[in-house]
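As C-alpha cells, here come the structures.
Each of the next two complexes has chain A plus one other chain: chain B in the first, chain C in the second.
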Partner chain A sequence: MAAITTGGAGPERADALAVAPDAPDARAAAGSPREGGSGARQRRRITRRARLRRDKTLLLMTIPALALVVVFNYLPMFGVITAFEFYDPLVGVMHSQFIGLDNFRQLFGDPLFWTAVENTLAISAVQLALYFPIPIMLALLLNTVVSNKIRAFVSAVIYLPHFFSWVLVISVFLQMLGGAGLLNAFLIHHHVTPWNVMTDPSTFKLLVTSQAVWKEAGWGVIVFLAALAAIDPALYEAAAADGAGRWRRMWHITLPGMRGVIVLMLVLRLGNALTVGFEQMLIQRDAVGHEAADVLDTFAFYYGIGTSNYSYGAAAGLFKSVISLLLIYGANRLAHAFGEDGLYRK
Partner chain B sequence: MPSSNAFTRRGFVTATAGAAGALAMSPLLAACGNGSSAAKGSTNTKTGLAAALPTYKPNSAANPDIPIVQGSGGAVTDAGYLTYPANPVATVSGTPGSGGTYSAVTPLWGSIPAANNAYYQAVNKALGATINMEPANGNTYNTSVTALVAGKKLPDWIQLPTWWNSTFNVGELTGSQLTDLTPYLAGDKILQYPNLAAIPTAAWSAGVWNNKLYGIPSFASGATFAGCFFYRKDLLVDKLGLSAEVKSIADFENLLKECKAANGGIGASDDLWTYLAQPYGIPEKFAVQNGKLVHKYDLPQFAEGLNWAYKVAKAGYIHPDALAGDTSNANTRFYSGKCIISSTGTGAWNLMDAQSGLAANPKYNRQAFKVFSADGTSTPTIFVEAGASIMSYLNKNLTDKQVKECLAIANYLAAPYGSAEYTLINYGVAGVDHTMTSSGPQYTDQGKKEANQDTYQFLASAASVVSNPGMDQLTKDFCAWQADAVQHAYKPVFDNANITVPARLATADTAQAVEDTIKEVYHGLKPISAFQDAVTTWKKSGGTDVIAWYQTNVYDKFGSMQ
Partner chain C sequence: MTEVGFEGALAPGKLSQAAPPRRSSGRPVWEEPPTTAGQFGKGTVLVVVMALVLVPLYCIVVTSLSTQGAINQAGGLVLVPHGLTLDAYREVFGNGTVTRSLEVTFGITLVGTLISMVVSVLCAYGLSRFRSFGHRTILMVLIITMFVSGGLIPTFIVVTELGGYDQYWALILPNAVSVFNILVLRSFFSSTSTDLIDAARLDGAGEWRILWSVVLPTSRAVTAVIALFYAVGYWNTFFGAMLYMPTDQQKWPIQYVLYQYVNLGMTMPGVANSGYGGIHQQAAPLSLSMAVVVLTLLPILIVYPFVQKHFAKGMLTGAIKG
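After this line comes the complex of A and B, so read on.
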C-alpha cells in the first residue's frame, strides 16, 4: 500500500515518460528569444493572483489527474498506520493491536528481507547502466533517419512491445530461450549441452534487464525525441556552416540540448530505483527461485499479503517509500547543484 | 438490481479503499468485531462436532450403475452412472423461494457466463427467488474475496473453498460475518430439507467451526484425495509399449527416463512433487509418534521424497517449461503430448478434459497410475481429505426468514443426480441449453456457455457422482481407480477439526520461506540441504512455537481426532 506512493513497475515508469514531453517544450519556450532574460525578471513582478488567472485553464486541466493521485495515492497512505500495528482486517485499523516498531525490528532481522533489498539495488544498478542509455541512443539514431516513412515504421515497431503484458513478453522469451524453446531445441538437436536461460539464477539480473529493454526502450524514446525536436535547427545550420562535423554537432549541440531532459529522467529513475518491476519478478519467481527473484515489492507481497501478515508487508512497503523519498530528494538536490532544473525550477 | 453487487466497480473501489485502511471514509471498519477467537485460536472438539452435525438420510432419484465401494478409513467411492433417466422426476414440490432477492459470489474456473442470461432466468424462475449470481475468476478469487472481507462487503451468499480457509480467515469470519446454521440444521432439524439431509456427514463436518455449523457443502465425496499421477495411455502404453503398472518409485523413474528419450530429450513429465506425498507416505501436516506431534518437515520420508524430486528435475525428466514455473499451460503440454506424465487433482479426469484432449489428439486417453509405495514393499497409503472442499456460507445480516428461504433454495439445488431439479441446474432448459439423447442430456452451444459452468452448483449441490454422458469408459475407469484407492485410504491427524491458529502464529504456520525453498529444490535449483537449512531457520522464527501450540492446545486436549 505504501509502495504505491512512489509509483509502480515498468508500465508506470513509461507513463512518467509519457507525461514528460511538455517539459522540453516549456524549456524551449523559456529559452526562446521572445522572453529571454528580461522575461524572467518580468515574471517575478506578476502577483500570485494574476498568475492564477493567467494559468487557470492549465490548472483546471490538472484537476482530474490530481483527483486520481489523491484517491489512489494519498488516501491509502493512512494505511501506513498498519505498519505499526498487528493489523487484522476483520477488526479494522482502529482496533488492531498497536505494537510500535516491532514489525520493523522483525524486518531488519529477517535475512530474506535483506536478500530482497540486495536484489532490488543490484537489479536497479544493472538497469541504470544497461537500460537507461538505450532510449537516448535510439532517439539519436532515429533522429538521423531522413525518410519520414522509414522513421514512422521503425518507431511503430519499437513502440509496440510496450503494449504487451508482462505475461506475454515472458512467454515470448520462454519460447525463444527456455529449456524447450527455439535456442535449446537447436542446441539439443546438434548435441550441444543446453543452457536454460530462463531458469538460471546467476544470469537473472541480465535477463530481466534485457526483457525491460525489449519491452520498454522503444517507448522511452518518445520523450527524448521530443527534446530533440525542440533543438533549434538554425544551430545545426550555423555549426555546419562553420565546418563542424557530425560528431562535433552531436557533442556541442544535440547532447547539451537534451541535457535537461536526461537529468530529469535520471532524477525520476533514481526516485524509482527501488521499483524494479513487480509483475516481471512475480511471474519468474518460480523459475529462478526466491533468492534470485525477490525484490522489495515481491517480498511485501509474499511475506505480507501472501501470508495474511499485512502489517509486515506494510512495514516493508513503508521502508521502501522512505528510502525512495530520500533518493529522489538527493537526486534533485544534485541536479540543482549542477545547474539543472531537476523536478522543478529552484 | 436491488441487491448489492459486490463486484461492481464502485463496490470494488470502496472495498479496496477499506482494505487500504482509509480511516476517514470507513468508520464501519472499526464498528464491530471481536478478535478474541483469532487471538487465541480455536478448534472443533469431538463431542461439539457431533452435536452440531445434521442427521444423514440418503436419497436418490436413480440407481447407480456402478455401486458405491466402502474402503478403509471411512472412505467411500462416488456412485457411477452410465445412464440418465429419460424422464427426470421432481424431488421438491412447488417453488422453494418466496420472492426474495439475494446476491451470491462464487469462484469460477472457466469463462464467466453473461449476466442475466436465459439459464439464470430459468433457474431463478424455478427457485421462485432471484439469486444474482456473480461468478468471479477462480484464479484470483483469494485476493478479490480478501478485499470484500476487509471492507465488510460480503454478499448474501458466498462460496469459500476450504483450501483458502486460512487466507480468508474463515475461523474468524464465522464468528463475525457469517450465519450460524446450527439452529436450522443440527440433528433432525435438517430433515425438513431432505436433499440437504442426503449430503454425507463428513462433508458437513468441513463446515463446522468452533463446534457450530456454518458451511453448506457442494460436491461432497467420501473419496476426496489430494490428487494423483496421470499418464497418456495412448502414448505410454499404446505407442511406446511401456507398462503402466508402477509398483515402486524405481519403476516410476524408469518410465520417466523412457518418456524423456521418446520426447527427444526434452522433458517427460510436469511437476510431480505435490502428489509424491502419496508414495512416500507424507502426512497432511502432522504425524503422531509416541504421543507427540511430528511436523511433516521433520519426517525422514519428506526429505527422501523431496530429494527424489530434486534428482528427477536435475536429470531433465521434468519439462523445462514446468521448471520455469509456467503452470498455466500444464494442460496444453499434456494434451499435446509434450508431457506424457503429469500430476494434478482427480477432478481433472472428466468429460470436459476428454473433449479438450480429443480435440488436440483423436487418440487421447487420460489414465491414472494406481496408488503405490516408494520402496515397493510396504502397503501404499493415501490420506482422505475433508468430505467437501467447496463450502458456501450465508451472510450474518440475513433475517431468520431469509435464512430459511436460502436453505429451502439450497435444498432445491442439492437435488440428487437424475432428478428434474438436477437436470435444470446442471443442463439448463431442454431444447435451449441441452437436448435429451439416449445417453443423457447433451449441451447445445448456448448450454455450454451458460449451463455447463459451475455457478449455482457452488452454492449447494448433491453428493458427487461420476457421470460422463456419452463416454461410459471414462466413468468406468475413474470408478475403478477410486475403488482401488479407497482400499488404501486413512484419515489424517486432526481430521475435520477446522483448526484456527492464533493470529500471531499464522505466519509461521504458513511457512512461506520453507515452501519457497521446497519449490526451489524440486525445480532442481537447490540441493536438499537448502531445505534442511530453511526448516532450521523457520523453527527459530516461530516454527517451534506453532508445533508446540498444536501439541498443547489441540493434541493434548482432544487427541488426534482420526
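After this line comes the complex of A and C, so read on.
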C-alpha cells in the first residue's frame, strides 16, 4: 500500500529518513566491540545475552507493530508471485496455476497500459515543473514576514488543506470549476461560453496539478521553513555589513543554505515519479475519461480488481514497484554526483 | 530562528550573538527598511494565497446554509449570504445514510487512532534506546517498507484471504502502522533526558512505568501531533471502503458517501420522496450536498486549531534535528 500513498507523504518522509542515517554513526562512536580476538568475542557473546535479557521488555513492545508490518507489508511482497500466476481467489495464492511471464507479455502489448505509463510520466513532469517550486517560493516569502503572529496565522491557513481528503478537495474544485460551479455561473452571467474544467481531458494535467498545489503546497513549506530557520543569522548580518542587499543575501546565503533540502525533495519527487495521486485520479476518472485519467496505479486497480483479473493488475503493480526502486536509486546517484546526501549517504 | 533564541536563553554569555538587537518592529538593525512596494506586493501575495484556501470553503458553508431561493438567484454557489436556514442539515440528519456513515466514521477513527497510537508509541519507545538489543535490525525491517511494497493487488489479496472483505478491520489494520510516524516519535523519545530515566529506574520503575510516567508526559506535543495525523487518516478513509465494502451501504464511511453524492451525483435517498411529508420546505439538493461537505470538513476544522500550534513547533524541531 505504501507505494500508492499520494505525493503528500514526500516531505514527511524526507526528514524522517534524514534522521535515520545518523544512528549507525552514533553507535560506532559509542564503540561496538567488533575488534579483537577470541577473548573479545567471548565477552561480546555474554554481553549479547545480557543485553537480550536487559532489553526483552523493549523488544516485546515492538512486537505489535512488527506483526502488523509483517502481515500487511511483507506478506504482500511475497504475494507478488501472483503476477506470475493465473490467480484464482477460490484456490488461493499457493495453489493457483503458474504461468511465468504471460501476464507481462500481455501487459506490454496492451495499448491501455502504455497510455497509463504515458499519463503517469506526463503528469509527473508537469507537477515537477509547476508544483515543485511553489513551496520553496512560499517558504522564502513567509520567512521574510517579520511579525510572528501574521506568519503563524498564514501558515495555519495554508497547512489546512493538507488534512482534507481527496474526495473533499475534488468536491471543492467541482463547486468552483465544474459545470454548475462558480466559474461557469460567472461565465454564463457575462454571456461567455461555459467551460467545464472538470471534464475537459485536454487541460486535465493542469487541473490535477492545481489540485495538488491547493492541497499540498502549503504543507510542503514546512520542510523549507525548517531549512531556512537552520541558517545562521550571523551570516546575514555579516553579509549586510559587507554591503550585500536583500537579493544578494538571498542568492548567496539563503539559497545555498536550502540546497541540501531542495536536492533531497527533488530526489524524493523523482523517486516517486510513478506515483501521482492515486485517489485523485480514481475519483475523477469517470468525469474526464480513462484516456486522460488512467495512471499506473489506477490501471492496476481497474484492470486488476475491477475485472477480477488480479494477476494482470499485480503484474502492472510489480512493474511500477521495480521501476520506482530503480528511479530512487538513480535519483540518489544524481544527488551524490552533486555532492549532496540525498536519501542515504554514499 | 526560535532554536537559536532558545540556545541563547540557556547560555546567557552568548545572548548578544544569538539574539541580535531588534528594532521595536522585530526587524534586525542591520536589515534595510522595507520598501513600500515590497511590503504591498508581499501583502497582496499572502492575502491571495489565503483567499484561495478560504474563499471556496466560505462559499460551501454559506451555500449549505442557504434556501433554494437564494441558490437559484445566485445561479449556483452563494457568495453573499441571505435567507439562511438550517433545513439542509435537518434533512441530512434525517437521512439514514449520512447519519449512519458519520457513526461508522467516528467509530473507525476512534478505534483506529487508539490502535495506531498504542502500537506506534510502544514500538517507538522500544526502539528509542541507543545500543538496545536488535533495535537496528528492527528499524531496518520497518524502514524497508517505506521503499518496497507488494503493491495494491497483493495487499488486497492478503486482506481478503484473511477474511477482511466487508469487515471494518480491513479499513483499520492494513494502514494502522505508519513507519514515518514511528520514526518521528522515536526521535523525540530518544531525546528524553537520560537523567530522568535513570532516576526513575533507581526508584524501581520498569520500562512500562518509564514510558508512561516519564517519556510520554515529556513528549506530549509530538504525541498529540502524531495522534492527529492518524485520526485525520482514518477520518479520510475512502479507498479502503471502495476496495473492501463497495456494496454494503451500511458500512460506508462519510468520505465514500460524499463521493457518491457529490462526485457521482447519486441522489440522496429520502430526498426525492421526502420523508418529511411536505411539512418542511424541501431543501435544495445543492445545499444538501454542501451540507455533507461541511460535515466532512467540520471535525477537522474543530480539532485543527488545538493541535496546529503543537505541530508547527513539533514538526519543525523534528525536521531541524534531521
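One rule holds in what follows: the second predicted complex is superposed on the first by the 274 of 346 C-alpha atoms of A that agree within 3 Å, B and C clash if a C-alpha of one lies under 4 Å from a C-alpha of the other, contacts with A are read in each partner's own complex, and residues count from 1 in each chain.
The criterion applied here is as follows: contacts are C-beta pairs under 8 Å (C-beta built on N, C-alpha and C of every residue); 3 or more make two chains touch, one makes a residue touch a chain.
For clarity, every value in this text was computed on a predicted model and none was experimentally measured.
Chain A is touched at more residues by one of its partners, and among chain B and chain C that partner is C. Legend: residue contacts after superposition of the two complexes on their common chain; A:149 is shown touching neither chain B nor chain C. Of the two partner chains, chain B and chain C are each touched by A:79. In the superposition on chain A, no contact is made by A:190 with either chain B or chain C. In the superposition on chain A, A:226 makes contact with chain C only, while chain B stays out of contact range.
In the superposed model, A:163 makes contact with chain C only, not with chain B. By the touch criterion defined above, A:176 reaches chain C but does not reach chain B. In the superposition on chain A, A:201 makes contact with chain B only, while chain C stays out of contact range.
Shared contact residues of chain A, touching chain B in one structure and chain C in the other: 1, 71, 75-76, 78-79, 82, 87, 89, 92-93, 171, 174, 180-181, 184-185, 188, 283-284, 286-287, 305. Remark: chain A residues 1, 71, 75-76, 78-79, 81-82, 86-95, 111-112, 171, 174, 178-181, 184-185, 188, 196, 198-199, 201, 283-291, 302-303, 305-309, 312 touch chain B in the complex. The touching residues of chain C, counted against chain A in their complex, run 1-4, 17, 20, 25-28, 30-32, 42, 45-46, 49-50, 52-54, 56-57, 59-60, 63, 74-77, 79, 118-120, 122-123, 125-127, 129-136, 138-139, 141-143, 145-162, 173-177, 179-180, 182-184, 187, 206-208, 211, 232, 235-236, 238-239, 242-243, 255-256, 258-259, 262-264, 286, 289-290, 293, 296-297, 300, 304-305, 308-309, 312, 315-316, 318-322. Within the complex formed with chain A, the residues of chain B that make contact are 17, 19-25, 29-31, 33-35, 38, 143, 146, 149-150, 166-167, 169, 172-173, 176-177, 264-267, 319-321, 323-327, 338, 503-504, 506-507, 510, 512-513, 516-517, 519-520, 523, 525-526, 537. Those residues of chain A lying in contact with chain C across their complex are 1-4, 9, 12-20, 23-24, 26-27, 30, 48, 51-52, 54-62, 64-66, 68-69, 71-80, 82, 87, 89, 92-93, 138, 141, 144-148, 150, 152, 154-161, 163-168, 170-172, 174-176, 180-182, 184-185, 188-189, 214, 218, 222-223, 225-227, 229-230, 232-234, 236-237, 240-241, 245-246, 278-279, 282-284, 286-287, 297, 300-301, 304-305, 310-311, 313-314, 317-318, 320-321, 325, 328.
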